[in-house]
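Here come two complexes built around subunit A, the first alongside subunit B, the second alongside subunit C.
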Partner chain A sequence: MLLTLAFRNLWRNRRRTLLTLSAMVVSAALLILALGVFSGMFKDMLASATEQYYGHLVIARPDYHQRRDLFAHLPDSIVDRLDLDKASEITGKSPRLRSFGLLSRPETSQPVELLGIIPDLERQVTSLQQQLTAGHYPTATERNGALIGQGLALKMRVKPGDELVYVTQAADGSIGNDLLIVSGIFATGDSRHDNNLVLAPLAWLQQVLALPGRIHEVAMVVAEPMNASQVADRLTKNLPENIEILDWGDLLPEMREVIAAYDVSRMIIVTILYLATGLGILNTFFMSVMERTREFGILMAQGMRPWTIRGLVLLETLLLGGIALTIGLLCGAIMTLYMQQVGIDLSGYITPVTYAGGTILPRLHAVFAAGNFLVPAGMLLLVSLVAGFLPANRAARLDPVVAVRDI
Partner chain B sequence: MNFCVAKKFLTCLPLSILLLTTPIPALALDVQSLIREVEQQYMGTSSHARTTMQVKTSHWERTLEMEAWSLGRDYFLIRILEPAKERDVATLKRYREVWNFLPKVDRVIKIPPSMMGGNWMGSHITNDDLVKANHIDEDYNLRLLEETATHYLIECMPKAEAAVIWGKIVYRVRKEPRVPEQVDYYDEEMVRVRETHFDDVQQIGERIVPLRLTVLPLEKPEETTVLQYHDLVYDLPLDETFFSLRSLKQR
Partner chain C sequence: MDYLHLAWKNIWRNRRRTIITLTAIAFSIMLVQALHNLSAGVYAGMIDSGVRAGSGHVAVYHKNYLESRDESLYFMDNNLITEIEAIDGVKQVLPRLYIPGLAQSSRESRGVVLIGVDPQRERQINPFLKALPEEAIIRSAASRDAIVGSRLLDELQIKPGQKFVITAQHQDGTLHSELLYVRGVVSSGMKNIDSSLIMIGRERAGLLTGSPSSVHELAVILSDPDYEKPVHKSITAILGTSPDIEVVNWERAMPNLANAIKLDYASQKFIFLIILLIVTIGVINTLLMSVMERMREFGVILALGSKPRTLRGMIMLEALTIGLFAAAIGSLLGSLATWYLVSVGIDLATFVPETLEFGGVVFDPIMRASWNPGWMLQIAFYVVGLTLLAALYPAIKAGRITPVEGMRHH
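Take a look at the complex of A and B:
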C-alpha cells in the first residue's frame, strides 16, 4: 500500500520528478562510461607493460630482477620440472636468457639488451608479433634471426635481412661474439624497448654466452592479470628455495601504485559527482514535503505513525533512485559497449605516452569491469537515501495540529 | 702604515720558513715530467713483447697468451695467441680510439664511448685504461704529495674539462731505479676502488722496467688480473702504418 502511495506521489509533479530523474540518470551513465574508459586506459597500460616485455609472472633467482647478474642462472629444465601446467590459469610460459652487450655494424655500435628466447614460447607471453613494422617474427628454424626495436633499427640503419654483430662478455670470461640476421622490426611505442631491445634465439645466445642449457628467467602469463599474485603464491610452494617468483606488481611497483591510486580517485570522482546529484534530490524532496505539509498533517491526524510518514518519503526517494539506477546502468552499459567495440581514435592528436612502465595508447577505449558498475550503483542508492532522510525527518516531525492549518 | 707592514711581514713569515726548510731539489722537481718519464720508460719509442695475462674472478679463471706492439703512447696493438678458442682476437688502440678484431665473425668493432668503461678481454683492465693510462699528465693536475728517502707519492686530480672516470689517482714512484711501484685509483666519492702494483723490476737494454702488473679491484678482494711481460724488446723499426685497421685483421 505504502509502495503504491509512494509511486503515485512521485508522479504528482511530473516535470520536477523527471528533471531530477534525468539528472540522476545522466550522472550515473556518464560516470559508468568515464570509469569504463579509465579502466580501459589502465588495462592498455598494464597490457603494454606485461605483454611487451615482462609477462605477468617471472621465475628467477632471488635478486635477479634488480641486479641482472649474468651468473644468476637456472637450468632450462626448470620449465618442465616446475610442472607449471597444474596451475591451469597459466596460458603461456617462456624461458629466457638475458645479456647486455654491444650490437655493431661497420659504422655504428649501440649498447643493447638481448633476450634469448624460443620464438614459439615467447609469442605466448609477449605480443611483439602483433607490433611488427617490417619483416617477420623469428621462426624456430632460424639459427640467428633477431627481432629488434624500431628505434634501434633506425640508429643502426638496418632492415630485415641485414647482418649485425653482437659482442658481450661471456660467462667464461671470453669475448662472446656472433652474427645476427635481422628477421623483423617491432615498434611498441615504449622508447625503452624500441631503442634498446633485441630478441634472438635462446640456443644462439646460450652458445655466445658459453651458458649451454641455462636460462635467467621463465616469464609467464595468466588468464586474469589481476589474480597474478594469487597464482604466484600457489606456485611458490612448489619452487626450490633459491628461486623466487615475482608478479607484475613486484616487477612494476609503479603500475601497482597507479592502479591503487585509480581506485581512490574513482571514489573521489563518484563522491563529487553524487554530491551535486544528492543536492538536487534533496531540493526536490524538500519542496515536495513542504507542499504536502497539510496532507501529512491530515494523514497523521487520522492516525498514521511518524515512522510510516518517514518511511513513505524515504520510499519515494529510493524508488526514484531505483528508476534512475535502472535507466542509468542501461545507458552506461550501452555507451561502454560502444566505446569497447568502436572507441575513439586519438592518434591524429597525441602520440603514445609511457607512464609508470606502461604505454598509454592514443585511443579512448572502454572495458567492462564489475566495480565500475557496482560502485556508481551502490553510491546512487546511498545518496538517494541520505538526501531523502532530511525531508523525511521533517515530515515525520510535523505537528498535525499546526500542519493541517497549512495552506 | 706600520700596522700594514707588520701584517705583510707576518703573512710572509710562514711562507719564508717553508721556503727555507723545504729542500731545494723537491721544489725543482717537475712532477709532470717525472710521470711522463716513468710512463715513457715503460712504453719506449716502440716495443714488442709477449705477455701472459691471468685473470681470476669469483666465477672463472683464465690465462691468455698475447703478443703486443706499441709505438709511442698513441699506438698499441695486442693479439691473443692462446687459448685456441680466442686465437687472433686483437685490440688496436690509436690515439683515443679502441678497436677490437673478432676473427669468428671476421669483423672489426670500434668500442663506442658508452662501452669504454667495460672491461678489456674479460680482465680488470678497462678499455678506458688502455686509452687514458698513458695520458695521465694531460688529463690530470699533478701534485707532489709526499717525498720519502726512497719514494715519491704523487696525487693526480682530474682537470675540470677532462672526461675521466676516476676521482683521484695516487702514484707511488720509486726513486732509484725510477719505476712506478703502485697506483691507487679513487672513484668520484674518493673511495679507493682499485690498486695496481708493479714488480719484477728488470733491466731491458738501457731501461729498467717492472715486468709484472697486478690489478686488484678492491670491492672484489678475491679477484685479480696479473699481466706479465716476457721477451720485451724496445726501439724496433715500427711506424704508424703497422697500427692500421688492416693490420688489425691480419693473421
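Take a look at the complex of A and C:
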C-alpha cells in the first residue's frame, strides 16, 4: 500500500521528478563509463608490463630479480620437473636465459637486453607475436633468428633479413660474440621495450654465454592476473630449495600499490560527484514535502504515525534512487560495452605514457569490472536515503493542527 | 535597478530552495577551482623535476637527433653555451653527450647509455645529483670518475671506488674501451634510471667516440617557466647561421611527461564536465519550479500590461543573480581551499608508493596547489553562463503564459 502511494506521489509533479531523475541517471551512467575507462587504462598498464615482458609469475633463484646475476642460473630441465601443468590456471610457461650486451653494426652499437627463448613456448606467455610490424616471429628451426623492437630497428637501421653482431661477456669471462639475423620487428608502444628488447633462440644464447643447458627464469601466465599471488602460494610448496616464485605484484610493487589505491580514488570520485547529485535530490524532496504540508497534516489527523510519514518520504526517495539506478546502470553498461568493443584511438594526439612501471596506451578503452558498477550503485542508493532524511524528518515533525491550515 | 531589486526579492521567497541551489553551484565551483589548482601545482612540480633531469625547459639538438637518438648527430659547442647563458631568463645551460655502450665489471656486463656531463653545472640543477655530497661528484670533465645508478652498481656487483670498463663504438667503427671508477651512487627511486644511469665527464665521454668537445643536447634551464617563448626566440636567433641545429621546447623533447600531464588533465576535465552537467540540471529544476509556482502571479502581471519579454527578462535576471552570487561564494571557497592546498597541501604518502613513477618523473606524494586566478575567474564566469543557459527553458515557459491561463492557475 505504502509502496503504491510512494510511487504515485513521485509522479504528481512529473517534470520535477524527471529532471531530478535525469541528473541521477547522468551522474551514475557517466560515472560508470569513466570508471570503466580508468579500469581499461590500468589493464593496459598491467598488460604492458606482464604480457609484453615479465609474465604474471616468474620462477628464478632468490634475488635473481634484484641483481640479474648471470651466474644465478637453473637447469633447463626445471620446467618439466616442476610439473606445472597440475596448476590448471597456468596457461603458458616459457624458460628464458637473459643477457645484457651490445648489438653492433658497422655504423652503430646499441645496448640491449637479450632474452633467449623457445619461440613456441614464449608466444604462450608474451603477446609480441601480435605486435609485429615487419617480418615474422622466430620459428623453432631458425638457429639465430632474432625479434627486435621497432625503436631499436630504427636506430640500427635494420630490416628483416639483416645481420647484427651481439657482443657480451660470457660466463667463462671471455667476450662472447655471435651473429644474429633479424626475423621480425615488434612495436608495443612502450619505448622501454621497443628500444631495448631482443628475443633470440635459447640454444643460441646458451652457446654464446657458455651456459649450455641453463636458464635464468621460467615466466608463466595465468588466466586471471589478479589471482596470480594465490597461484604463486600454491606452487611455492612444490618448489625445490633455493628457487623462488614471484608474482607480478612482487616484480612491480609500485603497480600493485597503484592498482590497490584505485579503490580509494574511485570512492573519492564517486563521493564528490554524488554530493552535487545529492543536493539536487534534497532540493526536490524539500519542495515536494513543503507542497504537501496540508496533506500530511490531514493524514496525521486521521491517525497516521509520524514514522509512517517518514517511511513514506524515504520510500519515495529510495524508489527514485532505484529507478535512476536501473536506468543509469543500463546506460552505463551500454556505453561501457561500446567503449569496450569500439573505443577511441588517441594515437594521433598523444604518445604512450609510462606509469608505475607500465605503459598507458594512447587509447580510450573500457573494461567491465564489478566494482565499477557496485560502488556507484550502492552510493546512489545511500545518497538518495541521506538526501531524503531531512525532508522526511520535516514531514514527520509536522503538527497536524498547524499543518491542516497550510494552503 | 528596480528589476534587479525585484529579482533579488523573488529568489529569496523560497529561502531553503535557493540556499540549496546556491550551495550546489558554489560547491561545484569550489571543487573545480581547487582541483584544477591542485593539478596545476602538481604538474608544475613534475615539469620542474622533469626538465632538470631531462631536456631543460628548452633544448638544443642536431636536427633529427630527437627522433632517431643517433649518436652521430652531435654538434660542437663553439661558444654556444656562453651565448645562450647570456640570454635574459636563462639560469643554466647543461651540455650533455649520450653514448650507448657496454658497462663491464669482472663478473657482469650491462648495456647502458652513458651520459657525458659538465659536472659542476649539472650538480647545481640535476635532482639526481643534488643529494650527493661533494666527494661523490665527478672531479673534472676529463677525469675517470663516474656516477652510477644504485641498481646498476648492484647488478654489476661492484662498490663505490671500484673500477669498471665501458666499451662504445668510436667514430671510425671500432670498439673502444675506457677504464672508469665509481665515485658517486644515484638512487632516484625510478627503476629504469637506477638500473641504467652512468654519468661521466663530457670530455672523457667524448674521447670514447673521438670528438671531445661534441654535445648531443644543450638543456636550457630557465629561472621561470614563463620565459620559455622569448628564450626560444633568442636561441633561434643565435642559431640562425647553423641550419643543422634546432631548438625545441620540453613538450617535444619529453613527450612522455607532456602526454602524462595531458592524459591526466583530460580525465579530470571529464569529471568536471559531469559535475557541471549535474549542477545545470539542478538549476533548471529549481528555476522551473519557481516559475510553475508563480503562474498565477505572472498571469496577473501580464493582465496588468507587462510584456512577455519583461517576464522572460526577469527570470533571466533571477538566474543571473543566483549565478553571480554563487560564483562569488564559490570562488571565495575555492580561494580558501586553494590557500590551504598551497600552504599545507595533501600528503598522499600512505596511499601511493614512495617511488611512484609517472610520465618519467617521480611523483611527489605531497601534493601542493598553485594559484591560477585567471583560470578561477574563467570557470566562475563559465558557471554563470551555464546558469543563464539553464534559465532559458523556464524563461521561455514563463513568456508563453497567457493572462487568463495564468490567473486560473492555483
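Throughout what follows, the second predicted complex is superposed on the first by the 407 of 407 C-alpha atoms of A that agree within 3 Å, B and C clash if a C-alpha of one lies under 4 Å from a C-alpha of the other, contacts with A are read in each partner's own complex, and residues count from 1 in each chain.
In this section, a contact is a pair of C-beta atoms (placed from the backbone, for glycine too) under 8 Å apart; a residue touches a chain by one contact, two chains touch by 3 or more.
Source: prediction; values computed, not measured.
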Looking at the superposed three-chain arrangement on subunit A, would you call subunit B and subunit C a clash or a fit? clash
Applying the document's definition of touch, where does A:368 land relative to subunit B and subunit C: first, second, both, or neither? neither
Contacts for A:389 in the overlay, against subunit B (first) and subunit C (second): which applies, first, second, both or neither? neither
Comparison of subunit B and subunit C by subunit A residues contacted: C
With both complexes overlaid on chain A, does A:34 touch subunit B (first), subunit C (second), both or neither? second
Where does A:360 make contact in the superposed view: on subunit B (first), on subunit C (second), on both, or on neither? second
May I ask you to decide whether A:262 touches subunit B, subunit C, both, or neither, giving the answer as first, second, both or neither? neither
Applying the document's definition of touch, where does A:172 land relative to subunit B and subunit C: first, second, both, or neither? first
From the options 37-45, 163-171, 217-225 or 325-333, pick the one stretch of subunit C whose C-alpha atoms clash with subunit B. 163-171
Taking the stated contact definition, name every residue in subunit A that is touched by subunit B in one complex and by subunit C in the other, in rising order. 71, 102, 104, 106, 109-111, 167, 169, 173
In their shared complex, subunit C is touched by residues of subunit A numbered 15-16, 19-20, 22-23, 26-27, 30-31, 34, 37-38, 66-71, 100-102, 104, 106-113, 154-155, 167-169, 173, 191-192, 196, 253-254, 257-258, 261, 264, 269, 272-273, 275-277, 279-280, 282-284, 286-287, 290, 349-357, 360, 362
Residue numbers on subunit A that touch subunit B, as the complex places them: 71, 102, 104, 106, 109-111, 165, 167, 169, 171-175, 177-179
Which residues of subunit C touch subunit A in their complex? 14, 16-17, 20-21, 23-24, 27-28, 31, 68-72, 100-102, 104, 106-113, 154-155, 157, 167-169, 173, 175, 191-192, 255-256, 259-260, 262-263, 267, 270-271, 274-275, 277-279, 281-282, 284-286, 288-289, 292, 351-353, 355-360
Complex contacts: residues of subunit B adjacent to subunit A: 55, 57, 59-62, 85-86, 89, 100, 102, 104-105, 107-112, 114-115, 118-119, 121-122
